[in-house]
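Two complexes, one shared chain (chain A), two partners (chain B, chain C).
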Partner chain A sequence: MGNLRIIARLDIKGPNLIKGIHLEGLRVIGPPSEYALRYYKQGADELIYMDCVASLYGRNHLADIVRTATKDIFVPITVGGGIRSVEDALDLLRAGADKVAVNTAATSNPELLSELAERFGSQCLVLSIEAKQVGVDKWEAYIENGRERTGLDVIEWVERGVELGAGEILLTSVDREGTRQGFDYNLIRLVSDAISVPVIASGGMGRPEDIVPAVCQGHADAVAIADLLHYKRATIGEVREVAKREGFTVRTYG
Partner chain B sequence: MAKADVSIIDYGVGNLLSVQRGLEHFGASVELISEPKSVEEANRVVLPGVGAFGNAMKTLKRLRLIEPIQELAERGTPVLGVCLGMQLLLDKSEEHGLHDGIGLLTGSVKAISNLGSNNESLRVPHIGWSPLYKPDSCSWAGTILEDLEEGSAVYFVHSFAATDVPSGNRIADTRYGGNEICAVIGHENVTGCQFHPEKSGEIGLKILHRFMLQ
Partner chain C sequence: MKRDVIGQYKLPVEVRFCSRCTVSNQRPRISFDENGVCSACNFSDSKKNGINWESRHKELEVLCDKHRKNNGEYDVIVPCSGGKDGSYVAHQLKYEYGMNPLTVTWAPLKATQIGRQNLDAFIASGFDHVLGTPNTEIARKLANLSFRHLGDPFQPFIYGQSNFPLHMAVKYKVPLIMYGENGEVEYGGDMKNAYRPTRDIQDHDKHYFSGMPPEFWQEHGISLKDLYPFMAPGFKEIKSNKTEIHFYSYYKYWDPQENFYYCKENTGFTPNPERSQGTYSKYASLDDEIDGFHYYLAYIKFGLGRATSDSAHEIRDEKITRAEGAALVKRYDHEFPSRYYDIFLEYCDITDAEVHDVIDSWRSDHLWHKVDGEWTLKHAVWYESDQPK
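On to the complex of A and B.
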C-alpha cells in the first residue's frame, strides 16, 4: 500500500469556486486561487480542479485558473471538465496541470482514453466517474454533473477505461456528493478491487473520521475533499491527524 | 553563454510551467530551449519528462539534442533530470522494448515490482508522497538534498525506476511496499530525481534552489 493521499477538490464554474449537493444547486464559495493557496499551505497532497459546466457549454476557463495557481502552488494538479481532444489536454498541461480527468468525452468516444495515454502516458490520465446507485451493488456512470445517464455499468466502464490506458480513477458518488453523510465505501471497494490503478474516493465526506471506512472498507488510495474544507469545518491537517491515529501511512508534512 | 540561469529542455512533453515556476521562485531566470545550439550555451540544464522512454529518446534524437547534452555534461555544466528525464540519463531502458539512453549515468531502467516485500500486491504506477532515505551511510552534503532532513517526503508518479546503479551514485532511496527504489542518483555535475521536485511543496523548492547554487 502506498501512502494515503489527501486531496482538495475545487469545483469551478466560470471564474468561481462553487459547491453543490449531488453535484447540483451550485453555490458560489469564492475565488479559487485563495482557497487553493490555503489548501496548499495546509498540506494538501494534491489539488483537483473540475469545471462543472465546461462540457455543457463547450468552454473551459480552467487554463487561466491553473496558470495562476502554478505561481505559488507546488503540488500535483489534476484538471477536468470539457476535455474532448489531445489538444484540449495539451493546453491544460501547458498551463501547469499534471494530469487531466476525462468523463463525458470518454463515454461517447472511449478511444480518446488510449489517444491521451499514448501521447502523455497513463500517469497523466484520470478517468472521472460520476456514479449513481441503480440497484443492490449496482451503479451507473453519469455525465454532465450527474444529470445524464450513459447506460454504462460503473464497474464494467472502469475496467474498460483502465484497459484503454487510464492511470487513476476519480470516483464520485453522486448520491453522497455534498450530503456530508460519509463516503459510499461499498461503491469504492467494488471499483477499487476490480482494478489495479489507484482510486480517489470523492463525495460525502462530512467529518475527518469519514476517511476511515473509505480506506479500511473501501480500499481507497486517496480521498478528495471539498465541502468539509470549503466551509472551514476542518483542515487538511486535521484529516491527516485522523489518518495517522488510525495507523494509515500519510505524507510527512511540516 | 546564454543569459538565463537555467535552461529547461522542451521536447514537447508534459508540464514544463511548474518546473519553470519552481526555479523562478528563488529569482532564477529561466528559458525553455529545444535547439542544439541553445543546449551548448546553457549555464545549467533541466531535462524534464513524462510519458514513455522510447518516444522521448526518439524526439531528442530528431531534435539533435543528445550529443549536445552529452558534451555539456562532460564540460561540467550542472544537469538535472526529473522523473523520465532522470531515466533518460541512464544507459538503457526496458520500457516497452529495449532502448538506449543518453548514458551520462551508469544504470538501467526497469519496471517497478507489483509485489511488496511481504508478497502483497502493489498498485502500479507508484503515485504519491514517499520519504527520502540515505542509502548506507551516504552524506547529502554537496548534493541537491543538502538542505533536507532524512525522511522528507516528495511526490512520485512512475511505473519504472533506475536499477543497477553503482552504490556511489545512489544519493537517496525511497521504499514502495518495502521495496527499495532509487529516488536520487548522481555523479559529479549530473543528478537525477525520480520524483518531481516541482510538485513536492516546500521540500521540492529547497531541492531546486540547491540545484541553482551548484
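On to the complex of A and C.
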C-alpha cells in the first residue's frame, strides 16, 4: 500500500466549525480557517471540509471557506456537502478544492457519480458514506448528517458507487462518531476488502493509538480525525509518531 | 365543528414572529416586548448576562444542605425519563452535591425501544428508581378522550408527569422535588416563575392541564378510582409534607445540548438512530411513540411545531442562526408523524377519518387557509414578509 494518510476533518455549519456525537448535538468549536491552518502546520496530509447543513438549504456554503483556505494551505482539500450536480462540483473545484465528496444526492441519483467521474476523473470523486450498524456485520447508509435512513446496504452501495466511478470512500461510522471509542475496524475491513479504491476511516478516534487497528485490522488507507484534534487532545504530529513507531509508511514531514 | 382556538388559549389575532428566534406570539402565555422580542429570548439574555451563576450555585448548596438527610432516606425526588435532561439533574445532585435522590418516571404512553434502553442505562449508572405505570386501558381511554376534547392525546401522560412525583414525595416523605428546566420561561410562557426557583402546585391546572384536571374526565364515564393514579395527592398531604417543587434551570445555566454531552459521558445516554419526525433532532423527546401527535397538534393549533421549539431554543443558545432556524422550521415543522400513525390509531382506538376531523376542527381561521385545496399556514417564520427588516 501507499503512504498512510493522516487527514484532518472539519465539519462546517454556517460560518462555524462544529463537532457532534453520533453527528448530533453539534457544538460550535470556532472559526474553520484558524483550525484548518493549525492542522496544515501540524503536518496534515489532507483536509476534509464537510458542510453538514448544505442538504438542508439545498446549496453549499463552502466555496468561500475553501477559497480562503487555499491561500495558505497547500495540501489536498476534499469538500463535501450539498453537491447535487456537475456545476456544484465545478464551483468547489474552481474555488480550490482538489476532490469533491458526495453522499445525499448520490443515494437518490447514483448517475451523478458517473457524471462527475466522467467530467473530472475518479481521482477527484469521493463517495461519502454515513454507516449506521443495523445488525451483525450489516450497516445501513444514512444521509443528511446521520439523520435520515436510505435503506441502502453499505457494502452493496460502496460496490455500486465504485462501479459508477467513485475513486475513494470516506467511511464515517455514525455509531462511533464523536464517541472517542476507537474506529469500527470491522466495518472498515468489510468495506476495504469489498472494493479496490482507497478507504478513509472516520469516526471514533479517541487517541493516537487508535489508528493501529484501523490500519492493521481494518485495512484503512487513511484516517480522518476531528474530535481528537478540535479538542486539542493530540496533534497530527503525535498521530504521525504512532504511525511511524508501528512501521506504517507515512509522508515525511518537516 | 370548529374550535375557538383564539378564545380558548387567549391568542392574539394578529400573528407576529419574534425578531430573534422562530417562535410567534401564538405560543400560549408568551409575551413580546416593544422591540418584538419574545419573553424566552429576553430571558435567555438574562441567563447570559444578568444572572450571577456563582451565587445561584451557592443557593443550590444551601437548598441541598437544608434537605440532605444523612440517615439513609431519600432527600430529593428527581422526575426523570432516562432522557438527557432529568438524567443530568439526577446525576449532578447525587454525584456533585452528595444528595440521595429517588428518581421517578411516569411511564410513557407507548415506550420506544431507545427510550427504554436509555432508562435502563440511566438506572444502571447508579440510581434508585421507581416507575409509575397506570392501567393501560384507562390511559388509552384518556388518550382518546383528551385527543377528541382537547386536541392532545398526550394529556394522560402530562397528568402523571406532573402528579406522580408529588405522590412519590408524599409517600417517601421527601419535601424536595427537583425538575429540569422551567419550560414556561425557557420556551416562552408565564414569566412569573422566571426569577424564583419554585413553582406553585396551583399552576398545574393552568399551565399543564389546559384547565382540565384528571377529575374532569368523570363526566365522560371514567371512575374516580381509575383516575386516581393520574390525580395529584390531596392538597393537605402535599402541604403537610412541606413539598417544594424546584427547577434545576434556576440554579444552573440550562443548555439542552450540553446535557446531551453530560449524559453521553455519565449516564449511558444514546440518541435516536434517526431524527424524530416534525424536527431535526435525534436527542430530544424520544421515549414515546405517541408524543409526535402532541407536537403535531400544537402545530395545527398555534402554527408552531416541534422544529419551531427546538430551533428557537438553539438560536437562543447560539447553536444556530435565525436563518438556519427558519430553514429548519420550513423543512420539518409540518411533517406528520406517520412513522407511528398506525400505532397511534390503535392505541387511541380511533379511525383515520376521525383523526382528521379532530385536526381540522383545531385549524383556526386566523392561522390557516386553503391554497389549491391544501391547508396552508397564513403566517410562517420562513415567509419573506415575516422576516424582520
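Keep this in mind: the second predicted complex is superposed on the first by the 254 of 254 C-alpha atoms of A that agree within 3 Å, B and C clash if a C-alpha of one lies under 4 Å from a C-alpha of the other, contacts with A are read in each partner's own complex, and residues count from 1 in each chain.
Note that in this section a residue touches a chain if its C-beta (ideal position, glycine included) is under 8 Å from a C-beta of that chain, and two chains touch if they have at least 3 such contacts.
Since the model is a prediction, treat every value here as computed from it, not as a measurement.
In the superposition on chain A, A:124 makes contact with chain B only, while chain C stays out of contact range.
In the superposed model, A:98 makes contact with chain B only, not with chain C.
By the touch criterion defined above, A:53 reaches chain C but does not reach chain B. For chain A, the partner that touches more of its residues is B, with chain B and chain C as the two candidates. Touch criterion met: A:147 reaches chain C, while chain B stays clear of it.
Of the two partner chains placed by the overlay, only chain C lies in contact with A:25; chain B stays clear of it. Across the superposed pair, chain B and chain C touch chain A at no common residue.
Across the interface of their complex, chain B is touched by residues 1-3, 5, 40, 43, 45, 67, 70-71, 74-76, 93-98, 119-124, 167-168, 196-198, 221-222, 250-253 of chain A. Against chain C, the residues of chain A that register as touching in their complex are 13-14, 21-22, 24-28, 53, 56-57, 132, 142, 146-149, 179.
Partner chain A is touched in their complex by these residues of chain C: 257, 260-261, 264, 270-271, 273-275, 280-283, 318-321, 324, 327-328, 331. By the touch criterion stated above, chain B contacts chain A in their complex at residues 13-18, 21-22, 25, 50-52, 114, 120-131, 151-153, 155, 157-159, 176-177, 196, 198-202, 204-205.
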